[in-house]
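Order of writing sets the chain letters: A, B, C and D. Residues in each chain are counted from 1.
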Amino acid sequence: MNPPAVQTASTLITLLASFMLVLQLLLAVQTMLVTNIRLFALQSLLLAAIAAVVAYAYGAWHVYVVAVLTIIGKVFFLPWRLERLVRQIKIEQEIRPFVNMPASMLICGALTVLAYVVARPITSLERLGSNTLAVAITLLLTGFFLMINRRKAITQVLALLTMENGVMLAAIALTTYGMPLVVEIGIFFDVVIAVMVLGILVFRIRETFASMDVSKLNQLKW
Amino acid sequence: MLLTFILGVPLAAGLLCLFARPRRLVEILNLGGFAIVLMLGIKLFHTVLAVPGSARTECGEFLRADALSAWMVLLISAVSLATSLYAVSYFRRDLAGGVVSERRWREFYVLTPLFATGMLLVVLANNLGVMWIAVEATALSSVLLVALYNRQNSLEAAWKYVMLGGLGLVLALFGTILTYAAAIVPPRSEMASFNWSSLQAMAPHIDQHLMTLAFIFVLVGYGTKAGLAPMHTWLPDAHSEAPSPTSAMLSGVSLKIALYALLRFHILTSACLGSGLSCHLLLGFGLFSMLLAGPFILMQKNLKRMLAYSSLEHVGLICAAVGMNAPLTVFGAMLHMGCHALTKPVLFFAAGNIHQQYHTLEFRRIGSGLAGAMPATALLLGLAAVAVCGLPPFGLFVSELTVIAGGFTSQQSWVSVVILASLIVVFCGVLNKFSGMLLGPGKGGAPRETISISNVAAMGLPLGALLFFTVRLPDSLWQLMNQAAGIIRGSP
Amino acid sequence: MNLSLPAIIAQTALLLLLAPLLSGLIRNWKAKLQNRRGPRVWQLYFDLAKFWRKDMVISEHASWIFSFTPYVMFLTALAAGLMLPMVTAQAPLGLFGGVLALVGLLALGRFFLALGGLDPASAFGGMGSSREMTIAAIAEPAMMLAIFTLAIAAGSTSLSQIVMASQGPGWKFLDPSHALAFTAMFIVLLAETGRIPVDNPATHLELTMIHEAMLLEYSGRYLALIEWGASIKQLVLMALLANIFFPIGLAAETTPGTFALGLLWLVAKLLALAGAVVLVETCNAKLRLFRVPDLLSAAFILAMLALVSIFLFK
Amino acid sequence: MMLPPTTLLIASLCGYAIGAVGGLLFMRREKLAAAFTFGVAALSASSSLLAGLFILAGAPPGANGPLDLLPPLIPYLKFTVRLDPLGAFFLVLVSVLGMAISIYSLGYARGFFGRKNVGVLGASYNALLLATTLLFAADNIWVFLIAWELMALTAFCLVSFEHEKPETRQAGVLFFIMSHIDAGCIIAGFLLLFQASGDYSFSSLHDIGARMSSGHRNAAFVLFLLGFGIKSGVVPLHVWLPVAHPVAPSNVSALMSGVLIKTGIYGLTRVCFDFLGPPPLGWGVTILAVGTVSAVLGVLYALMEHDLKRLLAYHSIENIGIILMGLGASLIFLHTGHPRLAALGLIAGMYHTINHASFKGLLFLGAGAVAQATHTRNMEEMGGLSKQMRETAFYFLVGAVAISALPPLNGFVSEWLTYQSLLQGFDVTESMWRLVFPLSGAMLALTGALAAACFVKAFGITFLGQPRSERAANAVEAAPSMRIGMALLTAVCVLLGLFPTAFIRLLDPLTQQLIGEQISQQLTVANGLALGSLSQNPGTISTLGMALTGICLLPIPLALWLIFGRKARKRRGPTWACGQPGLTPQMEYTATGFSKPVRMIFKALFQPRRDVQREYDFSPYFATTIRFESHIEEVFVERLYRPLRIWILRVSRRVRALQAGSIHAYLLYIFVTLLLLLLFAL
């Protein structure tokens, strides 16, 4: 393959990755549930795009598979499933986080800095897209923060999924050819099944507790 | 084809249970399946032992079994067998009492073999990615098992389990990927293999920073699944709210499976960075878990939660023992895994019987004088408690003392002292609660328990086995554990 | 260390005969000091003879212990006496035990006497034995310390050895540790023999009596044995004091002359001690029971000082 | 023909095992179970007794093992046993007691027929004996610890045998917790030794202390002192003892007080004389001081008790203290380099050990007989039992005289030896420390006298006077087998008392092994008639001589009787009650009243709480009912243990707040952990 192509690919990846980061921050401050879901879909789309770029740059066909799977699964199927769930158990759209918007912005910023600090000494990965590792870690940490900061079950699931996006970003961009195919597919289906299971649980919880507020689930202690 | 069979048999059993109509057939499918797995497991460890230090691979290096995996296979199959044996009488009573519906009952018999298959795949997978997938699979199957009773509490427990477990697994996945990324050393730019065998071979050349980062994520991730404090918070909920057979499997093996996954990375890391970092982290988390378990057990109000916390303590002990990284301690850890796997299920089974008798697990409501009301259960519970407190003549005494002695020989006396102290604290709690529950005057007019042979067998056989192996440990088993310990200490 | 039968017989006789006389003497002198005529010196002999002849009334609640006690009391006192060098430096039964054995035998007698007090189920007996045992208990450490001071000097617990050691060259018994120890022992002697200020042998007032309370139920032969035993015990203790602290004139070699001399010395020392006891008894009032410990702890301190002074003056 | 000792030992171990199994098998048939288990136990005990005696009598070298009971479990875990003189001595101890108590139990177990499961009792009783025997024969850290833990476990089963009563359950829990703590200390101590030796066998630990750094040595010593101290009930680690011993069935109490607490003495002796090498001065002084304190406080608290078995339990503490005095003195002599004196001290300690075993066992058996006859342990409800239970009363009296250290019985002999070693200790050193010796001697005197007072109370209130309750009034004599059991121990007390020199000869191998001196010859005076004290102009005693003197003097009172009182007659009459008719038991002195003077004298220690409630109609001077209540609390429980427990529970409650149930908090924990690791591990 020709160096310039790699160059462009790498810049592209960096760009897309940073977009993912932006979306993540939007997620952190956005308070409408459905919008959250859509944002997640968008983020996944970017992820797919990155996958496509990597696949093109290295002509590795199985990374295309990953891209396709991501589009099918995370861009269309999961958001659709989640929105349906939201509609089924008509929960109000408003998300009331524990930490208010400015504070959460600050925290996310701090986490980003931390991620860069952590990723700095690792030099052996400057193959494709600079700083993708940092972005991945940021996605992970901010996703984690979202998970803590959200009250409702579904939003926590969403946060978990964004974390998963970060992981996939690392999987695609850091490892020259993506993971071995079997692993990719396995992970993908695991995620899908996980969301199914979560859906089932959310549904059952809804009908037993007549509420989606996870912070009400505190009967078991000590 | 041995490994394939070991994986295939329970999978097949599980799937068949979907369609098999008559209840008895379903039960027999489970029992038979696990019995076969156990036999295969025994055959496996003999074949592994045949050539010391060797590993058996199948399906083009996709499956791989060395001494460590073989040891784990033995534990998994033994516990699953006991569980399925106990489940028969347990769920018959539940069905009779209308506690579970036919559908949920079938759910259990389908999911349990899948759960077991997942665990077997964890220990047999050669590819670390596949190992992660398998762990995730065990998590998902066990979540539904935890939520089986569909009560408020069990749903809450399941929710916490799946959220925290899922989170941990995402972190673990990240760590895994980082490891993979680290394993791609620039000169070779073609598709790297993600197989354990090759990784271990190239460990010394791995980028150290990246490996450290990876190990941290893996530690937190799999640590959550293995219930190391402070990531253990889901453990008491899930283990106490699940149906007793599931609790037995969760406490008996599933924790150790997550630990196994963690240990694989520990081996890699110490091969790459030297044993310093990972050992110290393991030691720290292990000791913290042990120390944290004490107060909760002292103040515990609920039988199964107490058992769960005792599992936390034992996992902590194993972890710390590996962290001490002396020949004696690591061997002790292996031994301890075995003994604990044989003991803890019995305790949970007995707890299940008590729950079905009194419809509560609160010590206060159960009251006293169990020895009179349910003699068989009380006796076995008492024996198992003696065992789990690390008193002779049961094996945990040997394993714990081995670990502690190892600490003294490797100039880590203070660790051993801490371990001793926390063991004593835990003992005080358990003794206090159990003597209050088992002894004393029985409640007037409480119905005497009706207990089936299979039930007693399910509790008695593991204890018998433990006692037997304590008095007479076959040389082959000793070899196996020794080699497993060797693998963990990085001698291929 | 051989056992000579004549010596044993002689000392037994001495103990049996001298004891009542000594008690009588003390009573008589006490009376004199209080301007009373008082009983004759040998009154106690007549009393004993009378008691022997009298019938006995034994409590219906009493068990065999009650009748067993007097003999134990009497015999232990005698045996203890035989282990003590009275006339000769060599105690007749010195082989069978030293000062520790002597104390032990007296304790055995006290033990049974206390049981005998409890046996007839009367309130007084219980009271008496309770107080007796308590006082003996707190008197014991002082006595032991005092004895230790001597035994350490002698390097042995055999009374003969102690006597010889303090006999040695020079007036060894004048050194401070001896003096202090002697004072301690003297206080203990008052307690052990039931003298004022610890106990009043003359009273039969319920609330004050200790020794007598235990004997209330005894009569006739048994009473004789106990009274006699008690006076022998008193003799033994006084002779012990006299001889281990002032070992003058104890017969070293066995000739009639030395024997006579030794006997004279013994009587002299006993008279002196008796005089001291009488003086103390007349000059003091009986202490309240719970003040007695103060007295005895004082004795303990003295003995302690005696021990320490071994360092100071060596 | 003479079997090799090890064979006998193995035989007895198997016997106990069979007895245990049999007990469980015949659980349903209680008569058979009782006969079988206790019969087998008695036989096994006699076999191990022979084994021990052979060793002490000087068995041919090599006849005492070592040998493996089982093939090793894991290569480093060997089940080796060996009978060296020290072990053999304690083996004799446990065997003698085991034999007597088993015979006693044959009858005693009848008391449980129909209400408790005798099979289980017999089984755990055998298991306990098995563990204890194994402990004394252990030649390997593993075997020792396994036996130690098994002993605690089985003892727990026996203590909580009558678990229907709540106080029994609490006692069991306390006992087990304490013995687990001591196990912990001992494990740590042994592993410190193992660290230096690198081998688990006792033979390799011999004088290992010489190769350890002084810090490790002292650490090990402290750990062992704590561990074995708890087990033997040394003040202030004794809290479990007066709680646990009384609630157990009396035969078990006898075994516990007689043997189990001696395992601590065994361990301490084994460790201090065999393993830890030449002792610093501090060790001996510490042990001597601890012993003195235990002796005095033990007997003082015993005096305050009116529960017969608790009283005996406190006396165990006292006697352990006396034993420790001997051992401590011996250690000091070892330090100052006087091996022969050290041997004397050791002999004193060992002698008192076996003496205490015999008379305390005897007393507990007697107490058991009484408790079974009156269905109470409270002395205030007894009295006058010497009329219905003549034999029991006699045996109890012998035990009482022996434990009060009165001649001519065994207690006197061993305390005399202790006195002698303390006395001669004064000259071994010029340092001020030597004042310790006479002082502890004085305290020993105090202890002895108080013990005498206490047993006047125990025997007098229990067996003499009028019965204070209905149950005491119609008590019946104990079963024949029980009386045989007591008679056996009585005989042991008398023999040990009258023939000390013969017994001390048996201790020669022991002192030879531990100190390298044999002094029985120097101690024997007048060819065995008297016991000497090892100094150049020795003090001597001859208990036999005293007894004979007494007998020879007996003719005097008899003769006098024949001369004067031949015509005198005996009459039975009422006790004088100040002229009032009818003496009621209420007028008798009570146990509490008996010990009142001591309580007042040592007020500072006991802090007695008393409250008197009087109800009156018109004037407080004419009370209709008066309720008097006096209560003392043990200072250590109040000041040390209760606060500790409360503190621990409070901390646990604080910690529990971590697990408050909110999933967000849980997530936060993980998050923080991750961040910290990222920050610091990189």
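Some notes on this structure:
Here is the rule we use: a residue touches a chain if its C-beta (ideal position, glycine included) is under 8 Å from a C-beta of that chain, and two chains touch if they have at least 3 such contacts.
In this text the structure is predicted, and so the values were computed from the model without any measurement.
Counting C-beta pairs in contact, the chain pair with the largest number is C-D. Centroid to centroid, with C-alpha atoms defining each point, chain B and chain C lie 79 Å apart. Each chain gets one centre point, the mean of its Cα atoms, and the points for chain B and chain D are 45 Å apart. Chain A and chain C, compared by their mean Cα positions, are separated by 101 Å. Averaged C-alpha coordinates put the centre of chain A at 71 Å from the centre of chain D.
Contact with two or more other chains is made by residues 118, 121, 144, 147, 214, 217-220, 222 of chain A.
Annotation for chain B: residues touching 2 or more other chains are 159-160, 163, 167, 171, 209, 213, 236, 296, 299.
With touch defined as above, chain C holds no residue shared between interfaces to two or more other chains. By the definition given earlier, chain contacts exist for A-B, A-D, B-D, C-D. Of all the residues in chain D, the ones that touch chain C in their complex are 383-384, 386-387, 393, 397, 401, 404-407, 412, 416, 419-420, 423-424, 426-427, 432, 435, 438, 441-446, 448-450, 452-453, 455-457, 459-461, 463-466, 525-526, 529-530, 533, 535-542, 545-546, 549-550, 553-554, 556-557, 560-561, 563-565, 567-578, 583, 585, 587-589, 593-598, 600-601. Residues 656, 659-664, 667-668, 671, 674-675, 678-679, 682 of chain D are the ones that touch chain A when the two sit in their complex.
Considering their complex, residues 118, 121-125, 127, 136, 140, 144, 147, 153, 156, 160, 163-164, 166-167, 170-171, 174-177, 179-180, 182-183, 186-187, 190, 193-194, 197-198, 200-201, 204-205, 208-209, 214, 217-220, 222 of chain A touch chain B.
For chain B in complex with chain D, the touching residues are 159-160, 163-164, 167-168, 171, 209, 212-213, 216-217, 219-220, 224, 230-231, 233-234, 236, 277, 281, 292, 294-296, 298-299, 371, 386, 391-393, 397-398, 401-402, 404-405, 408-409, 413, 416-417, 420-421, 423-424, 427-428, 431-432, 435-436, 439-441, 470-473, 478. Taken in their complex, chain C has these residues touching chain D: 1, 12, 16, 49, 52-61, 63-65, 71, 74-76, 78-79, 82, 93-101, 104-105, 107-108, 110-111, 114-115, 118-123, 125-127, 129-131, 133-134, 136-145, 148-149, 151-152, 154-158, 161, 206, 216-217, 220-221, 225, 289-290, 293, 300, 303, 307-308, 311.
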